[in-house]
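Labels run A, B, C and D following the written order; every chain starts at residue 1.
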Amino acid sequence: MKKFVNDPANFVPEMLEGVALANPELLRYKPEYNIIYRADRPRDDKVSIVQGSGSGHEPAHIMAVGPGMLDAASPGNVFSAPPMEFCYECIKLMNSPKGVLVLINNYQGDRMNWDMAVEMAQAEGINVKSFVIDDDVAVQDSTHTVGRRGVAGNFFVIKACGAAAEKGASLDDLLKLAAKVNSQVRTMGIALTSCTPPAKGTPIFEIGPDEMEVGVGIHGEPGRRRDKLKSADAIVDELFDAVYNDLPFKSGDRVAVMINGLGGTPISELYILYRRAAQRCKEKGLTIVRNYVGEYCTSLEMAGASLTLLRLDNELEELLAAPAEIAVRVF
Amino acid sequence: MKKFVNDPANFVPEMLEGVALANPELLRYKPEYNIIYRADRPRDDKVSIVQGSGSGHEPAHIMAVGPGMLDAASPGNVFSAPPMEFCYECIKLMNSPKGVLVLINNYQGDRMNWDMAVEMAQAEGINVKSFVIDDDVAVQDSTHTVGRRGVAGNFFVIKACGAAAEKGASLDDLLKLAAKVNSQVRTMGIALTSCTPPAKGTPIFEIGPDEMEVGVGIHGEPGRRRDKLKSADAIVDELFDAVYNDLPFKSGDRVAVMINGLGGTPISELYILYRRAAQRCKEKGLTIVRNYVGEYCTSLEMAGASLTLLRLDNELEELLAAPAEIAVRVF
Amino acid sequence: MKEITLADVERAIQSIADTALRNEKYFSELDSAAGDADFGVSLASGFRVVQKDWDQLDRSSIGAFLLKISMIISRNVGGCSGPIWGTGFMRAAALSRDKTSITLDELEKMLTAAIEGIQQRGGAVAGDKTLLDALIPVRDKIKEYVGRDDADPGEVLREAAAVATDAIERTRDWVAKRGRQSFTGERSIGSPDPGIVAVATMLNDLCKAVGVEPVSKAS
Amino acid sequence: MKEITLADVERAIQSIADTALRNEKYFSELDSAAGDADFGVSLASGFRVVQKDWDQLDRSSIGAFLLKISMIISRNVGGCSGPIWGTGFMRAAALSRDKTSITLDELEKMLTAAIEGIQQRGGAVAGDKTLLDALIPVRDKIKEYVGRDDADPGEVLREAAAVATDAIERTRDWVAKRGRQSFTGERSIGSPDPGIVAVATMLNDLCKAVGVEPVSKAS
């Protein structure tokens, strides 16, 4: 396992400690519950926004805590939803009379733990509500599944709600806003390599030297199909078409485009992918208002990328353009 | 080769095109000479700052072009210094009566090409001067070598000179400033894996599953020694001691700390390294004024990291804190 | 059949914890076939604390004891397993709140309550290829012995372990419809469900722990 | 010995270009032993343009022709090779500016000028394990034939190729002191210098191109 790690059991806590040490003014750290939170939160006049999923997706979600983004995050172990109690303590810590918004990525573990925590918190009279994000078009909603997965599109829900919350939006406004963003954002990813959870020590799946996994999940879950490695342009074309046709987007749409690296792919390659995505947008008559090229939601050191399209309107354009400040400045 | 690439021969041009497409307001692109430059440069009242080394180190240097940083960059092929003519055209394009500053990382190829270009430009009456950066402590200055390599410390020279240039500093002031930063910054890196230049198609060096390369160069040049993989803390300790003792730093120093990922290492691991670096600074009585955790100067998809320490004073702290705006926001 | 005492329950939990810790890597590998390879780690992170806090656990009643187990698990286990196992133990605890020994009939009711709790929590039903497809047959098997005074505890346990073991192969070619595995759709066909394997392994290990020769070993 | 014509020079350059393109991957692999694996790619990126522009090249004189080659290389080749090969051809061009044929004596002087130019450009000296350690012996060998009217061009070329080839093994265990290799210090011991191999390969291929059987093949 080629990793910078001490005792694998301490991978997450030591990472969180590092994030806290690197942001002494901005952030605070509660080791008992893996909580990274804003030093100046909660505040009575602002809805608190929290999230917590498995670790291994950095910068999501702990490095997305800061002004204009999340108020707190409580990750679980690598690729494992946080225990219910972490979620519950995170909600309690960020409790505000204006309310607490929990943004959940649609995985069964995340949902069950947060649902239990939200129930407990509500039972104690805390004004907390949750919203579930599911932007991944790779896995179709079917009786097989608990529905689509929440992946990189999550960033846009956080960014939009974070900006609106700073402006004083109510909890119900934010729920509507989250629903709106989630309904207009679509993502699909592709993996070139597997990845190795520190505690497991071996790759999470096998993949041949000339293979790629189309529609991979951010926990290394197999995707739509295994295929032979294709050219960068061919790969973008497949992701773009899947995403474009799913909403569907249409000529004239104003959009935000995200090329998200899965962790092991260098940014040079991400710009090669962006080049093709920009060409495709032009072809299809989409106007790119904002673009995001970098790492937003990763799978440890997996080589791969995802493409996200978000349909914009004036409200969303304003919110995306609003200032924000987090450990990794990726917006 | 697990890469997002079309024809490997187009790796660099397609990446540059992507960067230009992603920053239509900020940047312009001159394909004939691989030049990425500020749309609003050159200006008569500001010294232009340019750089160009091999590609494969992104975000260095093309993604460091923008207000408060570089005015232009002209990279060569992956790991290969740009041809003399690219350098020459880059200088000519950024020509300003206030002068042009060329920041060169200390590699023979970079030096020879830029030296020839600077000579030619000067012969044409262009007011251009160059400065050579050599912050890598891994390779000792000796008759064996053309001197130390320029690595991640280069970022601080760019940031300081970029900020000073915006404030109207003269070419000679900037040369002095560059010399000051270079004299106070030290770096050493470590590689866990090799990397594969697209045109080569195979790893640049072999390394065992339990080995690491201590003091690796950013082009995969072998470093000080091959060793068995150690814990994250042990690795930071070796890098820290090498860097700390080289200057040497001393208790009471105010410093900037950079943990730079080499491309394939996820940011989660970089924060695990930062955690230890912060502990070591505290032990040694160093005050961390600013920290940088992320990718600044990479080697394609190489898994690894480098640690940089910069001794600060009021002047440098002000310059590092000055606003800047580049394709990847990493300062 | 003679009643099941708090001591019996303690020994069972202890054996279950041992199984979870011994198989941490193995259970995660099973989960990597179609899931995300964290099942073993998740389970172990909970039962490790059970072992650590073992001496301080409330032993005023079987229910009090199981409630503590439930709390430790929801507190420390992430993923699907925390809510599922935590809910299961909590429901079982509710039916044995003030008892220091239970009959086979009561054990069967506790298991049924646990199964229903898990179904409510995660929305899974029999046939979704989850640990329910091991727990339900086990509960049914135990039900067969309810009321038979001659029932030999060892035999009941052996038979329960046997049906759980059978569930591994019986469900192997099913499609997982819950948890991370479910995202892989058809891909889950052919690989055993980690949760089912865990339940079977725990029961077979428990047999050995109490000196009963299991019918067969869990694969 | 009869003079070397522009046609001879053209053929030599064409052969050199062929060698560079044929060995693009191989030369880069040599460079990866102790360097950064770009030598072959760098060289090829220059000579590829030489081939592309072949018909438009200025042929008014040997010097004019070589100057064009020099410009194409400095324009298109990065790394150390651009300045080094560009400077070498430029210096050689300067001494043959208005000649359409040259004597062996003049060829020797052109080579000497190229060697001096490369030394000034990159600061390397004999013994630094660079292509100079192939070029210098080649120049010396040619010097031996200068003034000998009976000298057979084929023999001169064969002998030149031979000493270049010898340089590969002779310098293999030296420490590289220039270019990327030099950063690896002792690590460069044992691996041949890519530039030396390139020079030797080019001369041996040139032998074959003009129908001369080389003494030995470059490794």
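Criterion: a contact is a pair of C-beta atoms (placed from the backbone, for glycine too) under 8 Å apart; a residue touches a chain by one contact, two chains touch by 3 or more.
Quick caveat: nothing in here was measured; it's all calculated off a predicted structure.
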item	value
Steps needed, at minimum, to go from subunit B to subunit C via contacts	2
Farthest chain relative to subunit B (centres taken as mean CA coordinates)	C
Mean-CA-position distance for subunit C and subunit A (Å)	33
For subunit C paired with subunit D, centre-to-centre distance based on mean C-alpha positions, whole Å	76
Chain centre separation in whole Å, for subunit B relative to subunit A (CA means)	30
Subunit A-subunit D separation of Cα centroids, rounded to whole Å	55
Numbers and ranges of subunit D residues touching at least 2 other chains	none
Multi-chain contact residues (two or more partners), subunit A	none
Arrangement of touching chains [line / ring / star / complete / other]	line
Interchain pairs in contact, sorted by label	A-B, A-C, B-D
Subunit A contact footprint on subunit B (complex, rising order)	2-6, 11, 14-15, 17-19, 21-22, 55-56, 58-59, 63, 192-193, 209, 229, 231-233, 235, 263-275, 278, 291, 293-295, 298, 300-301, 303, 305, 327-330
For the subunit B and subunit D complex, residues of the former touching the latter	54, 76-86, 107-109, 112-113, 115-116, 139, 142-146, 149, 197, 199-200, 202, 204-205, 217, 219-222
Contact footprint of subunit B on subunit D as seen in their complex	25, 28-29, 32, 34-38, 41-42, 45, 74-84, 86, 121-123, 175, 177-180, 182-185, 187
